[in-house]
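Scrolling down, you'll hit the structures one after another.
Next, two complexes with chain A in common: one pairs it with chain B, the other with chain C.
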Partner chain A sequence: MGNIVAGQPGSVESEETLQYLTFTVLGELMAIGILDVKEIIEVGSMTRIPMTLDCIRGVINLRGNVVPVIDLRSRLADQPSVLSKRSCIVLVQVKVEEEYQTMGMLVDMVNEILEIPETDLQKAPDFGTDIDNEFIDKMARYHDEFIILLNIARVFSIDDLSATKVQQHLALDNLS
Partner chain B sequence: MDGELKVYLVTPFIIAVLLGAGAVFFDAYIPYFAVLWAVAGAVIGLMFYNKLKQISTRNREIEIELKELQQQSQVNSRVEDQHRQVWEQIVPVWQRHLISSRDLSEGAINELSARFSHLVTLIVDTRNVALAHQQTDNGEGFAHDKKMLTTFFNRLKDYDAATDKLFDKIESLQGFTNDLDQMALAVANIAEQTNMLALNAAIEAARAGDAGRGFAVVAQEVRELSSQSGGTGEQIAHKVSEVKAVMGNILESANKARDQEDETLDQGESYINEVIEHLENLARELITEGESLLQVNQQIQQQIEQVLVELQFQDRVSQILSQVLTSMDSLSVQLRQASEDHSMTIDVNGVLAQMKTNYTTVEEHRQHNPKDTQVDNESAAGGSINFF
Partner chain C sequence: MVDDMKLTFLQESEELLQQMEDALLAMEEAPDDEEHLNSVFRAMHTIKGAAGIFGYDFIVSFTHPVETVMDQVRSGNRSVDSDLVALLLECKDHTANLVQTVASDNEDNVPAELLENGCEILARLTGEGSENNSVKGATPSVAGASSPIEAEPQKATPNDNWVIALDFKQDALRNGLDPLSFIRYLQRLGEIVNIITFTHDMPAANEMDPETCYLSFRIALHSDSNKDEIESVFEFAVDDCDIRILPPHSKQITYLELLEDVEPESVQRLGDILVGIGAVTQQELEGALNEQEAIIDEAVANPEQKVKPLGEILVERNVVAKPVVEKALKKQEDNREKASRDAQYIRVDANRLGQLINLVGELVISNAAVKLMVDKYEIQEAQEVVAGVDNLVEDIRDHALQLRMVQIGDTFSRFRRVVRDVSKELNKDIKLVITGGEAELDKTVVEKINDPLTHLVRNSLDHGIESPEERLAKGKPAQGVLRLNALHDSGHIVIQIADDGAGLNVEKIRAKAEAIGLVKPDQVLSHRETLRLIFEPGLSTKTQASNLSGRGVGMDVVRRNIDALRGTVEVDSSVDKGTVVTIHLPLTLAIIDGFMVGVSGERYVIPLSMVEECVEIDNHQLDEQRSYVNLRGDVMPFLRLREFFDVPDDEVGDHSDRRESLVVVRFGRTKAGLVVDQLFGELQTVIKPLGKLFQGLKGISGATVLGSGDIALILDVQGVIGLASQRGGHKQGLVDHA
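Here is the complex of A and B:
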C-alpha cells in the first residue's frame, strides 16, 4: 500500500485502465483514484474543533483514532455543507511529512466506482470550471460528461489547513 | 073518544036521575022539574048531535090519512126494495174491494216486513263483522307493525355497528401502513448501507490488486443488488404512500359515511316514530268513527225494528176489515130474511152488540162509539196490547 503516492494514481501503471471513486459536491461530478481511498463511512457524530478554519468540519472517532474531516464543499467553494441522508465521509490516505495520515472528506453523495482508461484523461483547463484550478488534477471524459479528478495533495495541503482563524484574520489584517 | 062518549052518556043519566029524585022528593015542583028535565034533554040532545058530527068529520080525516099512509107504505116498500138491492148488489162489491185491498195491503206489508227484517239481519251482520275487525285491529296491529319496524331499525343499527367495526379495522390498517412505511425506510437504509459496503468492498478489492479481482466482481454484484433493493425499497415506499393516500380517502369517506349513517339513523328513528304516531292517531280516529258508525247502525236497527213492530198494524187493519166483512155478511143475511119474511124486523142493536162482542182491538171499540170515553178508559186500564 505504501508504494502508492496520493495524487499520482497513474504513475505506476501508466497506459492502463484505473479505477476511480466518483462523488458529487456542489452538483459537480468529481473523482479520486480508488487507491487513495481507504474507506467510505456514513456521517456520524463529529466534534467541532474550536478556532479552526471553516473548511475543517471537525474530528471523528474512527475505531479509536482521531480523524479530521474536511468539508469539501467549504474547501472548494467556501460554502458550508448541508448534511443530508446521502452525505458521506470518504476517508483518504494523505502523505503528510513522509507519513501517511488518514483524513476525512465530507462529500454530498458517493456515486460509484468507474474504470476510466488513461487515454480519456486530459489536462485541466485554465478556466471554465466552478472551482479553483489548483484543486484540479485532471479532467476525465466518461461517456458524454466530464469528471473532475481532484488533486488530493492540494486539497489536504497542511499549510493551508493548519492555519487557524486567528492567523487567517491576522494575515488578512496584514494585507490590508 | 070512548071516554068522551061515556061522559056524554053518563052525564044525561045522572042529570035524569037527579031530576027524577027531585020530582019524587019535591012533588009541589014537578012541573018545574019536568021543564028542567025537558031543557036538559034538549041540551043533551044538542050536545049529542054536535058530538056525532065531530065524529063523522074525524072519520073522514082518518080515512084520508089512511089513504096517505097506504101511499106512503107503497113508497116505503119501494125504497126498501132499493135498499135491499143496494145491500144485495153493492155491498158484495164493497166486500170484494175490501177483501182485495186487505189482501193487497197484507201482501205489501208482509213484503215490506220481510225486507226490513232482511235489512236488520244485514245491519247486524255488518256490525258483527265491524266489531270483529275492531277487536282484532284494535291497537294490536299497530303494535305489531311498530315492533316490525323497530326490529328492522335495530337491524339497521346492528349493520351500522358492523360498519363501524369495519371502519375501525380500516383505521387500524392505517397503523400498519405506518409500519410498512418504516419498513420501506429500513429497506432503503439497508440498501444504502449495502451500497456503501459494496463500495468499500470494491475499494478493498482494488487495493488487493489482481488478487482482489474476483472479490471486486462480487462487490459489484452486491452493489447492483443493493441498488435493486434500494429501488424496491423506493417502490415499496411509493406504494405505501399511495396506499396511505387511498386509506386516508377511505377513512375520510368512511367517517363521512359513518356520520351520515348516524344522522340518517337518528332521522329514521324520529321519522318512524312520527309515522307510527301519525298512523296510531289515524287508527284511533278510525276506531272512534267506527264506534260512532256502529252506534248509528244500532240506532238504525232499532228504528227498523220499531218500523217492523209498527208494520203489524196490518194485523189490526185486517182484523177490523174482517170484522166489518162479517158484520156486512150477517147484516146481508138478516136483510134477506127480512125481505122474505115481512114480519121479521132487523135487530140493529143486536147486530151492533154482536159486532161489539167480536171486537179485538181498542180502535174498534173506540170507533164503535166515539162519544163513549169509558171504553177508552177500560181498554187503557186493561193494559197494553202486545203485538208479535
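Here is the complex of A and C:
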C-alpha cells in the first residue's frame, strides 16, 4: 500500500472538518489524524529487540530502513496483542528532537477514514475510559459512538519507550 | 552563484589558515624549514588574492603587510623567533576573524574594533621589521644582497671566473655602441682578470670600414654577481651583440645545490627552472627557444629533422653546463610526480559519499538476497557467477568505505595550538608528542571525536600536568609531556591521551562520589572501578573550577559522546606518574564484516573483528551452575545469549541434546564466551541505525538487513560484557580479568 496522503504531518487544527484514520484496539474504536499517517502495512517478519519494554514489539524492514513497531494494545493497556489476519501496522511520523522519525504501531484492525467536524470533538473525560487518560487527545462523537483520538506524541514518547528492562528492574529494586 | 564562490572562498580560507597555523607551530620547532615558511606565505598570499577578487579590501589590507613580512623572512632578511611566530599566530587569528565577518555576511560593515585590532597587530609586526627593512633598502641593489648565490663564499681561484663571450655585430658601432664602455662598466661588478680580443674578422686595412665593428672579446671576470646582473650590463647591446656568459666552476656547484632547493610548488618548465636558479638568463632562454622553434618549423617541413630538446640546445649554445641541465631535468620530473600526486585529490561533497556508501550497503544486501536464491534453488551454473559478484561487491564495499577514511593526524595536530596556548596561559611548560597520526578512521567518526578529545586534552593540561615548580619539587623534569597516540586494534581505533602529570587522586574521587551518593561508604571498589567513577555526572575533584575545565560537566559528556559512537573510554592513572585515557572507537559506522549466530529463532551478528574463535561444545561441558569455562587451561567467563536476552524458545521438546557452540569474543583485554545455538558464518553487515528509541540500549549496537529481508541485530560486545559484569555478582560471573 502506498502513501495514503502525501504531505507533512503535523497539526491540522485550523480546518473545520478533518479526516481521521480509525482502527480498533482492545475492542475500542480509535483514530489519529490522517496527516500523521504515513502508510499502512501488513504485519510481516518482525525482529524482537531484547532487553526492551514489552510494548516494543520489534523492528521491521521498511524498504531497507529499520523501523520500530509499538504494540498499541500493550502500550495502552499492558496486554500483548495476538496477531490475527486483520492485524496491521500503521506507520506514523513522529517528531523526535527536531527530526521526524518513522515508527509503526500494531493495531488489531484498520477500519476506515472518517471526516469529523471539529465541533464534534470533545475533551476526554477525567476517568471512565479503559486506557490511561494521558494517551487521549480528544474524544470524537461519530453517530452514536465515541472515538478515541490518540495523542501520538504521548504514545510514542521516546522517554517512556527508551527505558530498558534493566532500568525497569533497577527502579523496582530501588522501590523494594 | 556568487554565494557558491563565496562559500568556496570561506572554505579555502579556513583550510589555508589551518595549514598556516600548523606550519607556524612547526616553525617554532624547526625555524629553518623553508616548507613551513612557504606554507605560511602561501596562505596569506592566496587569501589576499582571493579576497581581492571579491573586493574584501579589509582582508587585503591586512594580509598584504603580513605577506610582505613573510617575504622578508623567506629571503632571509628577517629571522624566525618565537615572538614572530606568536605575532603571526595572532595574524592568523585576526585573518580568521576577518574571514568570519564575510561568513556572517557582515562584510559591508566590518566592526571598527576589529580593524583597529588589525592595525595594532600590523604595527607590532612591521614595527619590528622596519629596522631590517631599511637595512635592506640601503643595500645597493647591484650587489644583490638578497641573492642566495651571493651567500656562498667564493674563492678567487683562476678557474673561478666568469667567462663572457662578446661577439659584436658589424653594425654595433653604427648603432652607437661602444664595446669599451661595456667592458669598463663590467669592472664595476668585479675584477676583469683577462681580456682576449679576437681580431680574426678584421679584413685587410684597405677593405676595412671604420664604422664596422670587427671585434670579438673573451673576458674572464672575477665577480660575486650572478648571471642576471652580468647580463644586465649588456642590456642595451643585446640587439647588436651575441653574448654568452659561462659561469665559473664553483657556480655550477651552486646551481646544483640550488636545484636541490627548487620548490616543489608547481611543475615548472625546464627553462623556467634554469632561469629561476640563475643558471640561464631570460635572454638566453628566449634565444634558445627561438632556435628550438625554428627547428620545429623545419621539422614540420622535413620529418627527418629531429627536434632537439631545449636542454640540449642550451648546452650546445654554451650557456649552461650539461650537469646542471641534467639535474634540472631530474628535478622537473620529481616535481611533476609530486604535483600529480597532489592533483589526485578531488573535493567531493560528503553527502555524495554518504549516498554512495548507502547504495553500496543496499548492493551488499541485494547481493546477499541473490546468493540466498541461488543456494535455495541450487542453480549450479549461477554459483560461480555469484561468487564472482560477491568478491566484487566486497571490493567495492571496501573501496567505498576507504573513500571516507581520513587520517587522525589532522585532528591531533589541531591540539598543537591548544597545548601551546593553554600552557602559556597557565605558565606551564608542556610538550605535545603525537604518534600514530597516520591511523585512519571514518570521517563521520572523526568529526564527532573532536569535542571529547578537546575536553580530555584540556583536562590533562589543566589538572594533569603540574606547574614547572611543582614538577621540579617532585623530581620530574620541568617540561611536562602530553602524548596523543592512535593505533588500530581488532577493527577499532584506539586513541590514547597520556600525560605525565599528577595523576588522579583515588581517595578524592571516592570521597566525592560518596558525597554525591554515587557509591555507598561500605562499597568495595577496585582501583579501576574507582577511576571509572570520573565518568559519572557531577564528579569533579578540582576544588576550583577554571575556565578550561573542572566544572564537573565534562567527563560524563565525554563518555556520552563516545558511547554514541559505539566506543568506550577507559582511564588509568597513578599518583604523580600520570594519567592515560584510552578510547576505543569503531573504524566505521557504515559496513563491517560480521559473524552471524543463531539463538533459537533469533539471529545476531557479532563484529567479526571481535570474534577470536568458535568452539563446538557438548551441553554437559558447560556447567549450568558455573559461568566460566576452561579454555585450554585459561579460565574464561561465558554467558548464554538465550538467557541473557530472554530469547523465547521456538522449539518444543527436550533441549538436553542440543548442540551448542561457544563463540569466543575479545574486547581489549577482556575475553568472554557467548553460548549460541547455531553458527551461520561470515556476513557483510550493513549497519542500520536503530534510531533514537534504542539509543540508550546496551548490548545491541544496530541492526542489519539480511538477504532474506529479515533483520538481524548487531551485538555490541563491549556492552554485553559490561552488562554481564554489572549483573555480575548474583547472576553471571563475568569479570574484567585484565
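Here is the rule we go by: the second predicted complex is superposed on the first by the 162 of 176 C-alpha atoms of A that agree within 3 Å, B and C clash if a C-alpha of one lies under 4 Å from a C-alpha of the other, contacts with A are read in each partner's own complex, and residues count from 1 in each chain.
Just so we're on the same page, a residue touches a chain if its C-beta (ideal position, glycine included) is under 8 Å from a C-beta of that chain, and two chains touch if they have at least 3 such contacts.
Values in this document were obtained by computation on a predicted structure and should not be read as measured data.
Once chain A is used to superpose the two complexes, chain B occupies space next to chain C without a clash. Contacts of A:Arg75 after superposition on the shared chain: neither chain B nor chain C is touched. In the superposition on chain A, A:Ile113 makes contact with chain B only, not with chain C.
More residues of chain A lie in contact with C than with the other chain of the pair chain B and chain C. In the superposition on chain A, A:Ile158 contacts chain C only, with no contact to chain B. In the superposition on chain A, A:Gln19 contacts chain B only, with no contact to chain C.
In the superposed model, A:Asn65 lies in contact with chain C only, and not with chain B.
Contacts of A:Glu97 after superposition: chain C is touched, whereas chain B is not reached. Look at A:Cys88: by the touch rule set out above, it reaches chain B but stays clear of chain C.
Angle at chain A (Cα centre) between the Cα centres of chain B and chain C in the superposed arrangement: 120°, in steps of 10. By the touch criterion defined above, A:Pro50 reaches chain C but does not reach chain B. Once the two complexes are overlaid on the shared chain, A:Glu39 sits against chain B while remaining clear of chain C. Distance between chain B and chain C in the overlay is 20 Å (nearest C-alpha pair, rounded to whole angstrom). Under the contact criterion defined above, no residue of chain A touches both chain B in one complex and chain C in the other.
Looking at the complex, you find that chain A touches chain C at residues 45, 47-52, 56, 59-61, 64-68, 96-97, 99, 101, 103, 158, 161-162, 164, 166.
Residues of chain B that touch chain A in their complex: 192-193, 196, 199-200, 202-203, 206-207, 223. Residue ranges of chain A in contact with chain B, taken from their complex: 1, 19, 21, 34-35, 37-42, 85-86, 88, 110, 112-113.
By the touch criterion given at the top, residues 362, 365, 602, 644-647, 688-700, 703, 705, 709-713, 723, 726 of chain C touch chain A in their complex.
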